[in-house]
Amino acid sequence: MTTLLSRKKCGILGATGSVGQQFILLLANHPFLHLHAIGASERSAGKRYKDCVQWKQSSPIPGEHEGLVLRACKAENFKDCDLVFSGLNSEIAYELEMDFVKAEIPVFSNAKSYRMNPLVPLVVPLVNPAHLGLINFQREKLGLKKGFLVCNSNCAVVGVVVPLAALQAKFGPIVQCEVFTEQAVSGAGYPGVSSMDLVDNVIPFISGEEEKLEVEAQKILGSLNGSATEIDAQTDLRIGATCTRVGVTYGHIAYVSLRFKNHPGPSVRQVEQAMMEYQPELLKFGVSFSGPAIKVFMEEDRPQPRLDRNISNGYTVSVGRIRDGGKDGHFDLRFAALSHNTVIGAAGSSILNSEIAIIKGLI
Amino acid sequence: MTTLLSRKKCGILGATGSVGQQFILLLANHPFLHLHAIGASERSAGKRYKDCVQWKQSSPIPGEHEGLVLRACKAENFKDCDLVFSGLNSEIAYELEMDFVKAEIPVFSNAKSYRMNPLVPLVVPLVNPAHLGLINFQREKLGLKKGFLVCNSNCAVVGVVVPLAALQAKFGPIVQCEVFTEQAVSGAGYPGVSSMDLVDNVIPFISGEEEKLEVEAQKILGSLNGSATEIDAQTDLRIGATCTRVGVTYGHIAYVSLRFKNHPGPSVRQVEQAMMEYQPELLKFGVSFSGPAIKVFMEEDRPQPRLDRNISNGYTVSVGRIRDGGKDGHFDLRFAALSHNTVIGAAGSSILNSEIAIIKGLI
Amino acid sequence: MTTLLSRKKCGILGATGSVGQQFILLLANHPFLHLHAIGASERSAGKRYKDCVQWKQSSPIPGEHEGLVLRACKAENFKDCDLVFSGLNSEIAYELEMDFVKAEIPVFSNAKSYRMNPLVPLVVPLVNPAHLGLINFQREKLGLKKGFLVCNSNCAVVGVVVPLAALQAKFGPIVQCEVFTEQAVSGAGYPGVSSMDLVDNVIPFISGEEEKLEVEAQKILGSLNGSATEIDAQTDLRIGATCTRVGVTYGHIAYVSLRFKNHPGPSVRQVEQAMMEYQPELLKFGVSFSGPAIKVFMEEDRPQPRLDRNISNGYTVSVGRIRDGGKDGHFDLRFAALSHNTVIGAAGSSILNSEIAIIKGLI
Amino acid sequence: MTTLLSRKKCGILGATGSVGQQFILLLANHPFLHLHAIGASERSAGKRYKDCVQWKQSSPIPGEHEGLVLRACKAENFKDCDLVFSGLNSEIAYELEMDFVKAEIPVFSNAKSYRMNPLVPLVVPLVNPAHLGLINFQREKLGLKKGFLVCNSNCAVVGVVVPLAALQAKFGPIVQCEVFTEQAVSGAGYPGVSSMDLVDNVIPFISGEEEKLEVEAQKILGSLNGSATEIDAQTDLRIGATCTRVGVTYGHIAYVSLRFKNHPGPSVRQVEQAMMEYQPELLKFGVSFSGPAIKVFMEEDRPQPRLDRNISNGYTVSVGRIRDGGKDGHFDLRFAALSHNTVIGAAGSSILNSEIAIIKGLI
């Protein structure tokens, strides 16, 4: 089915940055997304990609993209693209992304600027592709025909909402979540965190991360209202978060303790089953990723970032250490979830979002 | 006051191991504990310490101890000691420590073997030195005059119970605690954790640690009953724990979310104040450590293991990121606590426990 | 050409160890080597691979191999194999590998036991496949028809001899080499090096490694004599080595300073050219690896282990920092070479050696 | 003797940077250097030290220095100092340090700007304090009475020249040295090297470092000519260097292979003896450091950065792995030397240099 889709020309904004590099990798050999244009600052415009980028990935620059010439990140330079992916920093994303949208170019953004905007779907493709239904209303409000903006979530949120979605689908609402994260340094970009801060050390704080985790999850797990004009956030799900940085290159772990609304909650065995069988709507669309959404580990010391982050090339979320909340405990369940922060936690989510939008005929 | 105490002859069991090495360091230049005898396996008996030990500390072997000759770890070889510290592995500690006690030699143990034994005080010196009052009953039951056994807690527990004790002293009972830890590799001894497991990685599990944290904390925070024959554990304090291993040499961090019994709970400012002013009973005894028990950080990214573990040579617990539980939140408070796992989390606790016992005239 | 070869049944001795795991990975989907049997200790015999192995690779166990049942490592259990790969520890390899050879089963060994044995070819496939010509004489001496033994080199040697071979082919003999290595922890197996030894640290010594590097390189770079009965080692190439361990999972770097026999030596530009154009004999045989043998980096801060070890899936050696020896300098040339220590430095070399032997009709 | 010296008022230029922080630590409780003034950028001037600095040391800011108020780094603001230590970046050091010197304030600099200037002594206090004899000529040339400039060497040079000086003093000239370094990240300042570059990785290159090592060593090991007007560099000592960065916080290791002029060279035993007995001239002056200059390790896996960098609080150079160059080898000797890069490799050297200058009556 996938292969019957007509090819779309894509652009990448912020192509030389960390997220941009991940887009470059993930778009190599894509079945129907063709990387057509790459954007960076004025200073780099006109130069070849491989001459400007400080490439820090463990696979080389795909040969097909090496010679692409950078364009300045202005909407007028990307008119020949069917859509663009944005790996821009949030400082400049706010203005620039809206310029692209208004120029009728669909934008799939990794920046935080518009995530909580009521007109903008915040989509984790393994969870809430239905929120793309908000796009028509967004276009109507902005007076657009083709342009629109879709955000994906903060990288730390993904590992939490995917298992939560699987659980809620089967066992009903979750009312409380205590989340603790150990996050990879690539989440801070490059150069990002100083090596002086992470040799023989951990950093018990990531600026703004805990708030994002708390509010973004509520929006992602919310539902599009009947008139498709608003996302009703799941505000009765209270989340408390503690986010830390550890000396890992890729792969965020989230440790989750949660309480269901309905009691008694499910058994550990039922939870394992529900996670293993989770079939997000996305997998029915024929996107380039065929699952599984969640890989469940029975070994007591998994998932681990170095060993498990690359399952399904980083698109699968790994869950392990599923255990009950203890007798008389407040929480019903605990588990650990690992997600690849620059694939399913960033660029990979954008790409899947764009695939769904294409399949739904929005592009 | 300290200096008026008569000198006591100490022994170390398991002197070549990780905990044993820490004892060797901490007893150098001690005002009234004199290291007199060191024990290891039969194989090493008769050899000089420096010829047998794989010394892995960042300070050299104290000159005064280098030439000490190892004895086999048998009670008969330590009759000339007033007390012994045990850094034995729990497999052999069970039998061996009891041999010493029955030979009328007081034992201060780091092993887990007897921690939950109802006759044995489990003492974190910054929290519950009063539990040493159980010793008389222990002696009575075992038919002993001088011998007794005192345990200190698991290294991960210390960073939790010290701030909890400070809070409960001021604000009344805590009824729920969710604890997440990032623990240093030295906690696993040497060679302990493989470097293959901690380069670009974290391990989301430490065998047995979560259970220990949950039950030991209840005993430590409990109270000696009126007849001094039993510790009434604080069983209405429910603790849920997730313990992980990170690539740090020394210093465990515990991230704690908690709920008080009485509402509304204290403000962040009141909590900071209570922690800063916490004066554990121990500091009144004139032990070799003069405080502070807790150092409170206002910087949002502290405490950090590499920077803060050595405050007061590892005897002080550092607390930071004190924040409230969020509006409508289940938890009243969150904070991060760092403790030096081989000092206040192990050997240092044993030493302070022995000092109190000496000052109280139990030795 | 490759695909015309008939399939061979392979066994792996020591299949659950570090090198064994790498064999398992590399033999997945191999065009003509079919993994037929896997061996481990008596204790594991009869159990399924996935139930016995502590799998520590960043890709999962290939599905096709998961369910293979382990056999005890005895020659009689591997009679149905056309050849075996040995990932055995050298302590047991000495006796066991010879048992297999005498049972007429060709053995490709990673152990050090027989590397310097005059009857045994020590083959780095990118350098000296011609040494396999010694097999006939080996068989004759041992009274064998089908069995034989081939060793591959110590993992640290590979990164040195591949560029040296490229240089000698073009510019004549090298007479002196000073080598310094930074070696990955996987080279010590699992658990191998303690994390206490490599957090915030390097180890300036690897037992036996420097000697191996010095003598193995001379044998590998030597030549088979006219009667194919002996390897004439290149003894006039004097090598001095310093080997260190660093906190890297995979990828050994060797820093080489060298002096040619003939002066003036080649220019940097000529050296770069010679390395890029190096076409080892092996590439003409139609083995599963199609090159390049060497990838030359012009960037001054490359190669780096994390970024470059996986070029050509770990079969290519990366060379960078090519520079001359300085005016009036004793050395003519300096460079840095990175090799994947468990692929081209171990299991991958064995596999290529076996492919050549098959193509040459020795199996 | 030391204590009879009158107290001198010191300033620190660049007090908030990495080197500046080390000065702050080392000057705490100094017997005769009193920290009187600290300088930073205009932006920080007027603020208290502890409110401006991103303190990244593992001991807290000394209480006595916490409240010091920062001054803008202009000579006129430091007229009340007897001398200043400069931890300025080389970009601004060039102009600024000369301003101070011309304002008659003696400057002890860590920057590279003037190291190779023929009028400036480049002094490693454990090696060549006699070069301070050049100061009179420097003053004469610059028309100064009190002001002068002394540099200390690049941090990687120290670990090489100290053992070389010990060897040359005993066994005559060394004519060739091949040096390989593994350098700590603190050498690059803060934030310095990105954690993305050093997790599971090493960097095989440090910009400018190899050249510095080669030329600075020749100057340091040179001698002041008879008229005290020039340093005659030891140009017949040819040094080849390869410098790499590893994931270590503090402590540079240099691996040295060397050749003496006179043959046969000394035995390993003689070399060990010479290193142990090395009594640099400095130790006769009564400076605050009383030695040893070199600590010799007999263990084959030492020195190691984490374990040995703090010997004598970072002022002692540790040497190990002393071994001969092999039969028929070109080199006579190999060894490894570890030095604390921010103590004896930077701020500590400056402080000792100033002490010598004071004792010699130059200040």
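By written order: A, B, C and D. Residues from 1 in each chain.
The criterion applied here is as follows: a residue touches a chain if its C-beta (ideal position, glycine included) is under 8 Å from a C-beta of that chain, and two chains touch if they have at least 3 such contacts.
Which protein is which chain? UniProt says A, B, C, D = Aspartate-semialdehyde dehydrogenase.
If you're wondering where the values come from, they're calculated on a predicted model, not measured in any experiment.
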| item | value |
| --- | --- |
| Furthest chain, CA centroid comparison against subunit B | C |
| Higher-contact pair (C-beta pairs counted), A-C versus A-D | A-D |
| Identified repeat of the C-D interface (over half of residue pairs identical), from B-C, B-D or A-B | A-B |
| Chain centre separation in whole Å, for subunit C relative to subunit A (CA means) | 41 |
| Computed distance of Cα centres, subunit D from subunit A, in Å | 49 |
| Subunit C: positions in contact with at least two other chains | 56, 197, 199-200, 247-249, 306-307 |
| Subunit B to subunit A touching residues, read off their complex | 176, 178, 180, 182, 197, 199-205, 207, 214, 238, 240, 242, 244, 246-249, 253, 255, 257, 300-307, 320-321, 325-326, 328-331, 334, 336 |
| Of subunit C, residues touching subunit A in the complex | 55-60, 199-200, 249, 306-307, 309-311 |
| Of subunit C, residues touching subunit B in the complex | 56, 185-186, 190-200, 247-249 |
